[in-house]
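Residue numbering begins at 1 within each chain, and the chains themselves are lettered A, B, C and D in the order written.
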Amino acid sequence: MSEAYADRASREHALYLGMWVFLGSETLLFAGLFGLYSAYRAGYGQPFDEALRHNEQWLGSVNTLVLIVSSFFVAWAVHLTRNDRLRGALWSLVAVVALGLTFLGLKAFEYTHHLREGIAPGALYHYDLLPDPAARIFFTLYYFMTGLHALHVVAGLTVMVWLIRRIRRRRIDAHHHTELELGGLYWHLVDIVWIFLWPLLYLTG
Amino acid sequence: MTALPDFWRADRGLRSWLLTTDHKRIGVLFFIGVSLSLLIGGVFALLLRLELLTPDRTLFSAATYNKLFTHHGIVMVWLFMIPAIPATFGNFFLPIMIGAKDVAFPKLNLASFYVYALGAIVTLVAMIAGGVDTGWTFYAPYSTVSLGRVGLVATGVFILGVSSILSGINFIVTTHTLRARGLGWFDIPLFVWAIYATSIIQVLATPVLGLSLALVGVDHVWGLGLFDPELGGDPVLFQHLFWFYSHPAVYIMILPAMGVISEVVSTFSHNPPLSYRAIAYSSLGIAFVGFLTWGHHMFVAGMSTFDAGLFGILSMFVAIFSAIKVFTWTATLYGGRIVFNTPLLYFLGFAFLFVFGGMSGVAVATSSLDVHWHDTYFIVAHFHFIMVGGTLTGFLAAIHYWFPKITGRGYSERWGLVSAMMVTLGFFFTFMPQFLLGNAGMPRRYYSYPDRFQWLNVLSTAGASVLALGMILTVGYLAAAIFRGDRTGANPWRSRCFEWRVPSPPPKHNFAEPPVWQIGCYAYDVEDHGSDDVGAKEAAS
Amino acid sequence: MSEPPRPSRGGRYVLTLAALVALTAASWGLAQLHLGELGPAIALGIAAAKASLVALLFMEIDRYGTASRVVAVVTVVFIALLCLGTGADVAMR
Amino acid sequence: MNELFRTLLGLPEQASTVATQIDYLHYVVITTALLGATGVAAAIIFCLYRFRGDAATENHRGPSAPFWLELMAVGGLLGMFLAFWLVGFRQYMTLQTPPADAIDIYVIGKQWMWSFAYPDGTVSNVELRVPAGRPVRLLMTSRDVIHSFYVPAFRVKQDVVPGRMTSLWFEARRPGTYDILCAEYCGLSHSRMRGRVVVVPPSQLGDREGEQSGDLAATGQRVAAERGCLRCHTVDGTPHIGPTFAGLWGSRVPLISGGSVVADGAYLTESMMDPLAKLHAGFPPVMPSYFGRLSAVETAALVELIRSLRDRGGGDEPLAPAPTGSLATPTTEVPR
């Protein structure tokens, strides 16, 4: 941070603004996939919904809850830090990491389940019960959307681990917790993206 | 004020340049990268023009030709046009123009340069190791089956996109948070508005490009066919994603040039712009409405007629903002005290070429005319009129306009006018024949063509060589001026704009202490009394 | 913001969590009824409600100035724009 | 006037009924563009000359044009652009909706050649023969990448997209020969993918009138006989050396390499060109490759033949529609 900023408050304001612009930009990375989803769904219609019904709804729903609770814990950690209860904040972030890993674990389980059935992206797709190309396209989109989201979950988890280490080394406290709020904003965005992915890929069959 | 060392001499040694966080030095680093890219792209362009001298093989094979026009497109669009003005002059002048010591995130600024350098290296390596022959648009399904190194080039351009986003974020936050005290949104120079609007587009459009190129790269390497008709995909959808980025991208290219032109016109006519808010709001208008019009690239691609109609209307609205700007610039000259020199000659070239290029754009947005003209040389001429006639002319005008401020020396006005004339006329004779080629029906990206098109192609190649000579001449006398140009004061053009109130070349942190400007950046009604430096007078008051 | 520590009350966050879980359950429940054409619209409506809850209460978007709200709105509008543009093309072919 | 503008702008001859209207709009728009650009440049040159001076000359009041003048100028411009759009879109709609009595001709775009299949089953490559004075509708698809069927003299162009059928129509006004060009970059010999539209007087093409419904299938039958397909494949449902054509379309074909595939256009074309790629389980791998020996239109005719036999019993019920599916049904209904 340059000394361009007279005081800490204006420097933080700049950091928050920069973060929000970055979040907007990051969300638009998914815009292309949402666009393809709406085009293929409008184009294929019925066979597309058939493939969508094949996804395990309970798996998606549990993952949604996992991410929502993890999002809560992030907000809880920020709240505790503001009240100077740093131990509590630390454990909240640990909970977030645990929930994030659970999410990835469930995702991995779902992927292997799909792959064993022969549901693979693009040319590798060879699932006989849903031969229609719409199913192949749906599952390719499914892999791309959830895969890109999973990458963002991994990035979010690394940020959380980094924050945990900073709290433990007393670099974050009630007065200085900008990076905690920024990390929190990023994780909430990852949760919001999944909130939209869940109905599109699991519910609206 | 003690004489602070200027940013060239503030620190010594290569390390101080390579690890600099001074926005001016980063601007200079970008300038070097961008100029090299212009050279490489220009060489590709000349080779293309030479090959088209005869209806069939002239110098090399069709495969080489296809790679060359693709590389010309990629290098010019992503390595030159997009960073050309924002990353060089935007970096250099945005902080000074709003009275800041530096950009909001200097380390991020340096990171943006190195990401640009990495992206450029990956792209150029991919071009050397096999190259790409899909056209800069990477249309599926050819980009999926092409034997070129589509995956590597897509990665390179993706990285360049990341650099573009990082610069965009940096400039947006700088403009929001680092304006000097008392400097509202309508007191800052119009160039800052142009860079701000460009950054908004960069931040919002580039991610979609990143995704579509990633999809094409993955599809090419592992065949995960979202656009492969064999696997049920629809290639037209790739065009939707690609043009959702690429139409706003052409506004990323032209808006900064418009910013430069606003500054040049006001300074050299010593007149405030006719209506500051018209130009400022037009920049934002172009930035947002530019996102609504991408469908006019796909009138004959098999898109539904409903979309064709919708995108046709929306495209007409975006032309209005450019028209407002042109009217305002022209009216600003009225009643001014005009000093005519190179930047203003470039403005004259810009005005004619950009207006005719823009209107030919309105012509192809008229859906029935586009049916005949789409993918012909009419389109090539249209976008070169805007890109070369607009952005490159703006880039050259910016180099000449800010040359004294950056180097502290003046360039030779005589050579400037001669080279500007050569560049503008050379450009005109290169691309006006291509409008006629488009009318006659010669498609784009044609290695060999029916004989009846030959005389226009020969004329176009002749024009291209004059343009190339003009560019070489420009490099020549500017290089000479860097070392032997006579020293100029802080404000050789007697401009009111803020960047002329700091010494030339500016000190490392621009201002000894945060500036408080009473005299506005377009306040030409304030008496000048011939004093060399309004800044000095201001400091005294 | 991290001015001098302002004790914030935790109750808000717990309530938000409850609301989010409830909305998730509602969305799942409605999906089981297979409302046909209306199903996707409702599901997306609920998702939008949940997203704005997270944005308003967890992210506290209102504390970061108007620019952050403008960014949020513009992002949503542009995603919708791309979806409508491509979706309309394929649907109306 | 029309002739003057046309030659001045280098436009090709106006050989189709829509060409003249489009050219008139072209003249209006281009002259406005040129006038606009020269007008702006002239105004600037005037100001540069009239108001030359330097910073020291006495101070002029800055220009202050009334707001309504600028609003009026911009409003007028927007009105003109919208007028261009209105006229342009109406012409675009006429270009996109073929008249009902148009003759249907199948066009296959393939890397670097155009092929045409006429209603009476005859086929031709590179050269498209059409009657003058009769609307002709081209139903086009591509065998590999996106091409674009472009006849400058008719002012018509339409991308030819693989995996779906796009259409284009024109009515040639008088006999003549006009260039066909490929306008969408499609690889190495994109610039050599040219053809000719030969417009013949209507009288010469009397025999060409025939109704068009299943003719392509009839051609397929003829091609299958000539090329020896029927020596190994039967059309009545009984398997022979090769699998029967009856009921094959859309059915699930078990493969020797395990798994299975839907017998759609793509699979059938591939099996003709590269029979061993996805070999039908239970049949000897003896089929010769027809790559390069079957023209694109003959392939389309054979596929049409197999499609027309799909309900003739034998083979299990087809599970899925043709790969082009609902996503790709073109605006105009393709005669099955």
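Please note the rule applied: contacts are C-beta pairs under 8 Å (C-beta built on N, C-alpha and C of every residue); 3 or more make two chains touch, one makes a residue touch a chain.
Just so it is clear, the model here is predicted, and its values are computed rather than measured.
The chain with its Cα centre farthest from the Cα centre of chain A is D.
Averaging Cα coordinates per chain and for the whole protein, the chain whose average falls nearest the overall one is B.
Chain D has its Cα centroid 43 Å from the Cα centroid of chain C. Here the spacing of chain B and chain D, counted between their Cα centres, is 35 Å. Centroids built from CA atoms put chain C at 14 Å from chain A. Residue positions of chain A with contacts to 2 or more other chains are 13, 17, 21, 24, 28, 30-32, 35-36, 39-40, 43-44, 132-134.
Residue positions of chain C touching 2 or more other chains: 67, 74-75, 78, 82, 85-86, 88-91, 93.
Multi-chain contact residues of chain B (touching two or more other chains) are listed as 176, 204, 208, 232-234, 236-237, 240-241, 244, 302, 304-305. Contact residues of chain B toward chain D in the complex are 62-63, 66, 133-135, 139, 141-142, 145-146, 229-230, 232-236, 269-272, 274-275, 278, 299-302, 304-305, 308-309, 312-313, 316-317, 319-320, 323-324, 326-328, 330-340, 344, 347-348, 351-353, 355-356, 359-360, 362-363, 365-369, 371-372, 374-376, 436-437, 439-441, 443-450, 456, 494, 524-525, 527-528, 530. Interface of chain D with chain B (complex): residues 9-12, 22, 25-26, 29-30, 32-34, 36-38, 40-41, 43-45, 47-48, 51-57, 59-65, 67, 70, 73-74, 77-78, 81-82, 84-85, 87-93, 95-96, 144-146, 148, 150, 152-153, 155-159, 161-164, 166, 179, 181-192, 194, 266, 323, 325, 327-328, 331. Against chain D, in their complex, chain A makes its touches with residues 40, 43-47, 118, 126, 128, 131-134.
Against chain A, the residues of chain D that register as touching in their complex are 252, 259-260, 262, 319-320, 323, 325-328.
Touching chain A in their complex are the following residues of chain B: 21, 95, 100-107, 165, 168-170, 172-173, 176-178, 203-208, 210-212, 215, 219, 222-226, 228, 231-234, 237, 240-241, 244, 514.
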